[in-house]
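Each of the two complexes below includes subunit A, the first together with subunit B, the second together with subunit C.
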Partner chain A sequence: MKGYTGKYLRVDLTTGDIRTERLPEEVARKYLGGYGFVGWTLYEEVPAGTDPLSPENVVCLWTGPVAGTPVPVSSKYIMGALSPATGFIGFGIASGGIASELKAAGFDGIVVTGKAPSPQYILVQNGRAELRDASDLWGKTTWETEELIREELSDDEVRVSSIGPAGELLSVLANVTNDRNRQVGRSGIGCVMGSKNLKAIAIRGTGDVEVADLDGLMEFSRDLYKRCRGPATEKYRVFGTPANMLVHNRLGCLPSYNFQKGTFEKVEDVSGERMLETMVKKITACPSCPIACDHINEVKEGPWAGTVSSMDYESLELLGPNCGVSDLNAITKAVELCDTLGIDTISAGVTVSWAMEAFERGLLTSEDVDGLDLRFGNGEAMVEAVRRMSLREGNLGALIADGSARAAEKLGKGSEKFAMVNKKLEWGAYSLRPLQTATLGFATSVRGACYLRSGSYQPDVKGTVDRYHLDSSRGKVVFEGENLYAIIDSLIICKFTRGIYKDNTEFTKLIKLVTGFDWSVEEMIKTGERIHNQAKLFNVRFGAKRADDYPPPRAFEEKLYDDVSDGAIIIRAEYDEALSGYYEERRWDEEGIPTKALLEELGLDATLGV
Partner chain B sequence: MEAKKIIVCDTEKCTGCEICEYACSIYKEKRINWSRSRIRHVRIEPTFDIAIACRKCEEPLCIKACPRDAVVVLSDGSVKIDKDKCNGCGWCIEACNFGALKLDWEKKCAFTCDFCADLGTPMCVEVCPYEALEYTTLDQVGHEAGKKAFKRIIEELS
Partner chain C sequence: MAAQMKTGEGLVRVEFFGPFREFGHRVDLTVPSEVSFEELVSLLEERVGPGFADRAARRNTTFILDSRIVPPQALGEVRVCPGDRAAFALLVGGG
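After this line comes the complex of A and B, so read on.
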């Protein structure tokens, strides 16, 4: 089998047993890799009724076939588990050196079960793995953990994925960090690691990575490098993803004040342009990436001088305008806290903005927020709230450490109405009412509130649909996006490169050069459909229903007024129709349950089908 | 003798993508294995990146260090390791200030960059997507630096 090592590690933390298992070729052909393998592992191994924080939950780390090859941008891995945040499938994709190092060490993935009796970390080296004591690492930040493991092993090239204190303290927002600035951000994978006493996974490999056609792949990769330097990716190269700040503000879809508005009056102060001018110290790339979108900010003055952290659009937007904050220094500091203490920046931003709104509405007292002046726009208070949330410190930390949905449940008083979540996970940095196709895509996503599963914001932003209204035809847009993205997330390549492929035949070409699988475009898309349905089926096992596929109430109940929108709102009947249209396109019933006929056609387990 | 050309890396431009490492291992060894690349990317957190290959030193420490006279210098200034003499002790690797030699544990022999003698432009330089690498002489590097400094002065004065 080319493109795969054909082996993966199984680690039982309870017994300390580690073994190498064969990755069957049928599985590779059926699920391709990455996202597909996460769905496969979880569906096979996590039974209905499992408590996400029990030893019975599984946390897995997978690569895809392109990992470790020169294909741009192939340096991605995925981690998955039953999410403690949503109660459904949880996963996150990150770049950095983990994927290629694991491949070179001779494995496609790692499946971890059980719970270690004391803090431990997994060390994988060429062809073998061991559990090592992590008692001294417990309580350390992710950046410290990376450094300490490298020191312990006297090896600078070891790559480390670790959790910070937030994961140890079982925050359902906890993420996993590798190479300092790369995160498996969403759905609380860090929390599951914490529940298993698993501090980190460290990997070092020096073997060959094999592909089906090396010369052909290098030639194609070189062509793709050139295209990566073209107009399709220019804005990411110059300003990084923060290039979107001004664009989204112009479109009126830049969430501010906890999604109460879609424009921000001080957007100039937090634009990608301003950031490049005043904050960016270095532009860096993930391994194998010719784009280099990663913009590293440095705080030059004030109380946080010397802080250095990596800034992307979502973090900047949600910790910035969405909290009313226009101080780049404060936002850079907040991102550093999230990355080192181990919490997702998206969930952090939207949770703090929820607390700010509750505070301004008088639903939270000064005592509830430990005396902070938690008004919108107060950067210092935002930073302190992020710190308290990550460390579960004080009344405020205790209230919001597990995100806005759970905080709102505790607080009540109608605050649930402005918890900007879907499936209890915080919404990405795209306003709901002026981007209605996007909203449908986010709300139906298997991971919850997810902007990365279908690219459903693209037709809205490009203006190819009426973005202020929905109809049943939008289901098809989401359906098609999801099927292709399932392939991208299984290969795994960076979504910023999707625009450099001329058409879908180039994806099949790539698959052939790497794995030798000679797929037609139809077969590839069917595989994407299978991968997506497998993930959905896992959610069905955990009780997913139609009601889980709706955006937060604000979308339907409050009209949006700002510099661009004049009363935009999602009409519930239109949303219902679009949702039904989506289910129909997917061949799911009105509750979003896949039909038996579809599951059988896709070669999936049909017991849960209707 | 022609002025020696070396590979210089503009650390402002280098992003740490390691594509040079991939390209080198694929071109020189017909396999994907960045630990076999002749050029080495190094990152010093949080914001410093560089890719370094052999510097063609005037007095190569690797040659001095080798107890078996296996390292010899060629007319272009690069060094070559004589496979018959080398037994993989690694003293040359230790001696090099730049980490420009590596050990091939399969062939039990040290190896280093040959500047892709068969190509006009070295593969790593050709492939670097950010044009961070240049195959040039130290004299030219100095000239460029002088130009840059002068430009800055002109800008400040005008």
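After this line comes the complex of A and C, so read on.
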């Protein structure tokens, strides 16, 4: 096989057995890589009724065919498991050196089962792997863990994905960090690793990846590199994703005060433009990336002086305006805590904003929040709340460590209505009511509340649809976006580069040059449809139904008033119609269950179909 | 459901984001009546200095009128009226 090593590691932590298994070519042709392989692995290996934190759950790490090749921005990997946060498919994609290193070590992926008797880490080196003691690493931050493993191995080039204390403490919001600033952020993959006593995966490889047409790929990659330095990616190069702040505020879709508004009166103070002027210490790039979008902030004065953390739009927005906070120093500190203690910044920001709203409404007492003045806008309190939630410390930490949905279940008193979640996972930094196509896409995503599965906000912000209303035609927008993004996430290439590909034929060209698969655009999109349906089938196995595909109640029950929106609200009947339109486009029934005919056509298990 | 984002008094408020910040944060332009996108850019070039029209013409420019992004292919049909709010920004993508 070209583009693949054709092998993956299977690690049983209970027995300590490590085996190399062959990756069947028919699996590669059917699911392509990355996201597709996660769906395949989980569907094959995690039966109905599995407890996400039991040894029977699987945590897998996969690359795509382009990892380790000259294709720009292709060193990306995905980790997946039955999510302890949602109870459905969980996965996250991260950049950095892990993917290319694993391919160079001779493997396409790692599938981990069981539970180690004591803390351990997996070391993969050129064609072999071993389990090593991690007792001394337990309790360490992710950054410390990376450094200590490199010291232990006397190898500065080794790449490390690790969990922090939050994962060890089984927070369902726990993430996995590599290269200090890159995270498998969502779905609680770090929690599953913690439940298995798996502290880290360390990888070092020096081999090559064979591709189908090296000369052709080099020529195409040179062209892609040039395009990566062109206008389509200028925003990412100069300002990073925080450039979205002022634009989203201007469009009225910048969540603030726990999504109660779509604009923020102090947005200039937390804009990407202000950040670049006052906070950015350096701009860095992942391996094989000519864009360099990663903006590293440094706090220069005050109680958090010296704090350094990578800042992207989602983290900045949700720990900033969504908590009413306009202090860039506080936001930078909070991101550092999330990254080192090992918790997802999106879920952290939305959970703290939920607690702030509950506090302001008088539903949480001073004793409940350990005496913090947890009002919106208090940056110091936000930072302390993040620290406590990451470490399950005090009354507040105990309440919010597992996110806003579970915190609201414990608190009750109507606080469930402003827990901004879908499938119990916190919503990304896009306001719901003024971006209604996006809301449909986020709420129907298999991972839950996901802004990365379909690009469904684009027609809203580009004005090609009425973003304040929904109809059945929006289902097609989400359907088409999901199928293409399933390919992007299975190859796996960075979504920031999607603008450099002229059209879908260039994706088929890339696939052919790397793997030799000579697909038409239609065949490629059909593969994307298969990959998405495989993930959906996994959710169906775990009880997914129509009710799981709705946004939080605030979208339907509270009108939005701010500088842009004048009473915007999602009309439930319109949403119902759009959701049914999406199901119809997907050939799923009214409960969102794929039809047997569709599953058979896609070559998937039709047992759960209707 | 969009609020009326009018500035009043016959002015068009134009905000600058991203690389457009080199031309300032915002300006209030007096326009006699409705103007086309091209006319707006010319007025801004006179007001904020040379180079603005070139920057605005680049294909990664996003033009926002009131609360929506105007697709590049629709810029020729844009009419900016007194009371409108406009903004120039970099291409909006994912992320």
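Throughout what follows, the second predicted complex is superposed on the first by the 610 of 610 C-alpha atoms of A that agree within 3 Å, B and C clash if a C-alpha of one lies under 4 Å from a C-alpha of the other, contacts with A are read in each partner's own complex, and residues count from 1 in each chain.
We adopt the following convention: a contact is a pair of C-beta atoms (placed from the backbone, for glycine too) under 8 Å apart; a residue touches a chain by one contact, two chains touch by 3 or more.
Fair warning: this is a prediction, and the values are worked out from it, not measured in the lab.
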Subunit B and subunit C placed together on subunit A: clash or fit? fit
- Message: Looking at A:37, would you say it contacts subunit B, subunit C, both, or neither? Reply first, second, both or neither.
- Response: neither
Considering only the touch criterion stated at the top, classify A:264 as touching first (subunit B), second (subunit C), both, or neither. neither
Query: In the superposed arrangement, which partner chain does A:68 touch: subunit B (first), subunit C (second), both, or neither?
result: first
Q: Based on the superposed arrangement, let me know which partner A:568 touches: subunit B (first), subunit C (second), both, or neither?
A: second
Which partner chains sit in contact with A:246 here, subunit B, subunit C, both or neither? Use first/second/both/neither.
second
Check: subunit B-subunit A-subunit C angle from CA centres, nearest 10 degrees, reads 80
| So, does A:517 touch the first partner subunit B, the second partner subunit C, both, or neither? | neither
The answer to whether subunit B or subunit C touches more of subunit A is C
First (subunit B), second (subunit C), both or neither touched by A:455: second
Minimum Cα separation between subunit B and subunit C after superposition, in Å, equals 17
So the subunit A residues that subunit B and subunit C both touch are none
Subunit B contacts subunit A in the complex at 15-19, 22-23, 26, 30-35, 45-49, 127, 129-130
In the complex, the residues of subunit A that touch subunit C are 231-232, 234-236, 238-239, 241, 243-244, 246-247, 250-252, 271-273, 293, 312-313, 433-434, 452, 455, 461-464, 467-469, 495-496, 498-499, 560-569
Interface with subunit A, subunit C side, in the complex: residues 1-5, 15, 17-19, 21, 58-60, 62, 64, 67-71, 87, 89-95
Per the touch rule above, subunit A residues touching subunit B in the complex are 68-70, 72, 100, 104, 180, 206-211, 214, 218, 222, 225, 228-229, 281-290, 292, 296, 298, 308
